[in-house]
Amino acid sequence: MSTADEQSDSQAEDCTAEQGALAGYVAQFPNPSALKKAASQTREAGFKEFDCYVPFPVHGIDEAIGIKMTRLPYIVLVCAVIGATTAIALQFFTNAFDYKYIISGKPFFSIPANIPITFELSVLFSAFGALLGMLALNKLPQFYNRLFLLDPFLKATSSGFFLAIEAKDPKFHETDTKTFLNSLQPSDVVTCREPNENVKIPKILLPIAACILILGLVPLVLIAKMRVTPQTTPRVELVHDMDYQPKLKTQRFSRMFADGRGMRPPIPGTLARGDLQHDTSFYEGLLPDQEDQVDRNHLLPNAKNADGTSVSLDKLPWVSEIPIPVDEKLMARGQERFNIYCAVCHGLSGKGDGIITQRAMKLQAANPNVGTWLLPIPLYSEPVRKQKVGQLFNTITHGVRKMPSYGAQVPVKDRWAIVLYLRALQESGSGMINDIPADIREKLNAEPKE
Amino acid sequence: MASITTTPFDVTVETPGTRAPLVTGNHDYQSVTDKVCHLAEKPTHTIPKAYWVALSFCLLLLVNLGICIGILFTQGVGVWGNMSPVFWGWPIVNFVFWVGIGHAGTLISAILFLFRQNWRTGINRAAEAMTIFAVVCAGLFPGIHIGRIWVFFWLFPLPNSMLLWPQFRSPLLWDVFAVGTYATVSILFWYMGMIPDLATFRDRAVTPIRQFAYGILSLGWTGSARCWHRYERAYLLLAALAAPLVLSVHTIVSFDFAVAQLPGWHTSIFPPYFVAGAVFSGFAMVATLLIPARILCGLQDIITIRHLESMCKIMLATGLMVGYAYAMEFFIAWYGGNPYEQFAFVNRAFGPYWWAYWTMVSCNVISPQFFWIKWCRTTPWFIAIICIFINIGMWFERFVITVSSLSRDFLPSSWGYFKPTPIDWLMLIGSFGLFFTLFLLFCRFLPVVAMAEVKAIMPEPEADIA
Amino acid sequence: MSDHNSHTIELEEPGTLNDVAGSLTNAAMIVGVAGLLLAGLIAMVSGNWTQFFFSYLHNFTFVLSFTLGALFFVLIQHLTRSGWSVVVRRIVELMTTGFVPLAVLFLPILFLVLVGNNSLFHWNNAEVVEASPLIKHKAIYLNATWFAIRAFVYFTFWILCSRFYLNVSTQQDQSGDPALSLRMERWSALSIIAFALTLTFAAIDWIMSLDPEWFSTIIGVYFFSNSVVSFFAMLAILIYYLNSQGVLSKTINAEYRHDVGKLLFGFNCFWAYIAFSQYLLYWYANIPEETVWFARRQENGWEVVSMILIIGHFVIPFLGLMSRTVKRNPKQLVFWAAYLLVMCWIDLFWLIMPEASPQGPSIGLIDIGCLLGILGLFSFGVLKMAGDQYLIAKRDPRLPESLAFHNI
């Protein structure tokens, strides 16, 4: 920096100092008008490689120098077209081709809705075109310029008006041109020289740059490696998204309550709405006048008495009549529910040949040591037939032996419907040929046997 | 260098046929340069105390904003008052407010340029800077409103592992593109305008750091007439591009509201009405800031009373346009005969947010009427007061539109009342901190006035021609 | 940007309007009367009076639109203390004298409304009003008396305002007093507010209320944008005509054509912006009571007219007028101006006529007759009233600035 300063200082003081080849002459003018006049005279004198340097765009200097209209508008136009095409293509591809979905009944490719973005991208692209195009046409950025070495030239960006004729102009002559410039009545003429020493980039910079480049790649390589390496430890969660939320979840601990439970038990002596099930014959299949003698724990499968013996369910005070009106509709409902929930194990006829049972038996036959599947007893067998409807209802509600509880899946009324249908199955499963009306019996007999 | 002598006279009076000078005082090209570079070139210890006081205060507000954002990120958007049915509360109001502020700069640099309003040269650089800072503040709010800020890039059409694309039929996505484009183009425009002035800074720099920094930023600009030729063409083209862009940005912001069917939002005058409002608020902010800044930077000769007066006139004009839109909305709400629409407007004026509505009307429609009076247009402290009122009014306009319509939609059972939380308030205040801090830094480090453009409109010193 | 070297340009002697076009006065009247007679005759023969009334209204609003644009231009030039436009301002001021013949031409429409005919305005019938709660709701606005009072207010303002500006401006031709410029400037602000309101409500009354159930808050701005585009197109054509007559051909040179061209281009984009904003909002929200208006314009052949507007009113002239060379070349500019004037006519056709014939667009001799008739009588009125006016504001204090004006 200091050498450059000294050079320019000495140049300013003594233009004849020998420093490098002659690059041109720079004349300073006191005001824009004088410069304009000088510029047109220079052009008329036949010079081509000359330029004016001014702190602001001087009106009319373009004509004085003879500058042709720039091509910039065409560059911008092309950019605008590219921008518009990009926008249309992007919106078509993303919303109408690659990932189609309907929004408020609008077509996938909605031209009115695409116009705003098309406009924006056209403007964006053309704005870049205008700025970068201007810089490119002006051959900028160019951080080094030998004119910067001339001290008076620093005024070109604040208040000086300069005209420079380059030595590479065919008409340039070392003394004649200077005389010519002086004839234009400038306030000053200075000689511009090429810098006499070629400043080279210090050799040490190259290895340093290489090192920085390589070091800069290291994190990228590490990231790439991590992405393809399987990890056994849990991932590091920089951002939790919504994984940990400060809310109470079922069966979780909470500091909020003295008992540490997140879920709250109902307040003693209260019931939730709709939970009042005082009609025990309907809800539990127990006779209302005796229900208070029943320990409800005994209703559960495999329940034990206090002495360790199995509870005898048959002895409990079950209702023997279905506690809701029985009609054909209820029967149809029962059949439908039975076929959905029960038939998979018990079979459509209640024989105990549902598809799950069949498969389980097949598997157990292949591997006798595996599996604990018990064959369900036919629903029309004597023990089941003897059970009161209340007990059948209870079995569906709570399950029995291996059979799980269906109370959660099947609403109360549907359970009674199933019980009703069960009675019908039992009737058909244990019936005699004579139970069938005579005319149908004949028809059955008439059918060919297989 | 001789100087032009202009006898001190009232530049706001113009006899037809003679144009009043835009630069007062006895300035020549050199002294204008000195004047503009003054604050930026001062050694740190000679900076006026007022600057430090202002900067520290603004930094305090900025720190407050940072803390609020920190709280928001760790606690979630529940710290805001946004709650059913007003999910678009405070942050969107702030967003629209700040985007609106950001319209004056590009309007001054582009549209006034195209209309050859030479007075713009004194204020365009500072106004453009404000545009960019306002857009930064604006971008902040939807940015932090998206909830999961760390996946903000989902707003852009980038290929991702879920094979999803953004929904281009949504005005909210148009917003992303519009505000993004606007910010980018404003920065390009601003930067391009600054290149010659940065070169001036470079050539006047005395410390190596300044020489290096401004040397890089000015890209090696020499002031060559051939470069100026292309530069002027590029500037004209950018202005021609930026002019419709200014209109488009607030138009698209208005689409966010107006494409919906919500009463009070769906009205076809929204696009031009929003643009007028944006220009209105933008000019108010520019004036509010320039009135102290011209004193701080000693630019009273370049940003004269006449500049302020012209801004006041634009505010009056756009204020009337906004008033026209309010009136049309009301008239058509009645004329259209839609009971929901009628309710929405009656509710604005007499519903639970009546105070916001009447604040808006008195600040936006009534307060600029003072500018009919010449004294009001030419007295800086008075202009500043009115401009602050306008800013308040324009903020309330967005509040009224957003909150009053959302809080009373079609379904009375979902009606509610929006209340901001302290975090909401602190964030709004903090965004002013961000805006003012950036502006103060700009005043210190960059050319606050487009020197080259000001010189171009100065009369040539006749004395030198001989 | 800097006017460092102001050229001195000799002011040409343009003479008065009569010197240039006085010979056309009678021709204009004959064309006008003949056109209206032709249209009326066809209507009488075919019995299609509705078509005639709508054509009449359409062409009336067309001529009105560029006259309003002219008034706006005068006002805005004064409001902004504009210098460049002084050389063309007088021509525009003369255009605004057309409000008087327009007021006369409005009388038949007014008469129609006052006698209770509802073939133009459906709301002008008690039964229709009773049948629709929506129309009934706005009957206190849409009724014959109030309609007439409003029309009277609009025309009174337009005529007084345009007369004021022309009178003061011609006074200045004598005195050259700069105070007169200040006087015009002072009134321009209030005038432009009144202008905005009258134009808006005129658009609501004469265009929007043709479908009394439909509404749009932007209709005033839409009509305004159309007016300004058609005005600049008309101005470019007038400049070309004057120049081709050898009048002011050196004064109103490429620089002014360039500016008029730029404004034409710019306001055409503004029109597109307003039209698109309105359409997009209604298209997107898709509320039946609003889309019905657009639906009418998207079926039965009207969709072709809509497409012509999108492509022909915006896309083609946007590309055509973009270049600097086109705007500076007299022939090319006048081509695009005439083209856009036709498009503005089609725009109003699209706004008005679907209400008369939703079954499909048709342009016949009635339309041509009405166009020629109204344009002819309008020109006749202008030539009669402003015939002895000078064609340039020769002593406007800003004239030298205007003459020296250069684009960058």
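Labels for the chains are A, B and C, by order of writing; each one numbers its residues from 1.
As a working rule, a residue touches a chain if its C-beta (ideal position, glycine included) is under 8 Å from a C-beta of that chain, and two chains touch if they have at least 3 such contacts.
Small disclaimer: the values here were computed from a predicted structure and weren't measured.
Top contact pair of chains, counted by C-beta pairs, is A-B. Distances from each chain's CA mean to the overall CA mean are smallest for chain B.
Summarising the inter-chain layout, the chain whose CA centre lies farthest from the centre of chain C is A. In terms of their C-alpha centroids, the spacing between chain A and chain B amounts to 33 Å.
Averaged C-alpha coordinates give centres for chain B and chain C that are 35 Å from one another. Chain centres here are Cα means. That of chain A falls 53 Å from that of chain C.
Counting partner chains per residue, chain B shows two or more touched chains at residues 171, 232, 244, 255, 453, 456, 460. Contacts with at least two other chains are made by residues 32-33, 56-59, 73, 104, 106, 113 of chain A. Shown for chain C are the residues that touch two or more other chains, namely 1-2, 4, 280, 284, 408. Residues of chain A that touch chain B in their complex: 1, 30-34, 39, 51-59, 61-62, 65, 67, 69-70, 72-73, 76, 90-91, 94-95, 98-99, 103-104, 106, 110, 113-114, 116-117, 119-121, 123-124, 126-128, 130-131, 133-135, 137-138, 140-145, 147-148, 154-159, 238-239, 241.
Across the interface of their complex, chain B is touched by residues 1-2, 4, 80-81, 83-84, 133-134, 137-138, 141, 178, 181-182, 185, 189, 193, 196-197, 200, 204, 213, 215-218, 220-221, 262, 266, 269, 273-274, 277-278, 280-282, 284-285, 287, 289, 396-398, 400-401, 408 of chain C. Within the complex, the chain C residues that touch chain A are 1-5, 276, 279-280, 283-284, 286, 322, 324, 406, 408. Those residues of chain B whose C-beta lies close enough to touch chain A in the complex are 1, 28-30, 33, 148, 150, 157, 163-171, 173-174, 177-178, 180-181, 184-185, 188-189, 191-192, 196, 199-200, 202-204, 208, 211, 215-216, 219-234, 237-238, 241-242, 244-245, 248, 252, 255, 451-453, 455-456, 460-461, 464-465. Chain A meets chain C in the complex at residues 32-33, 36, 56-60, 73, 77, 104-106, 112-113, 115.
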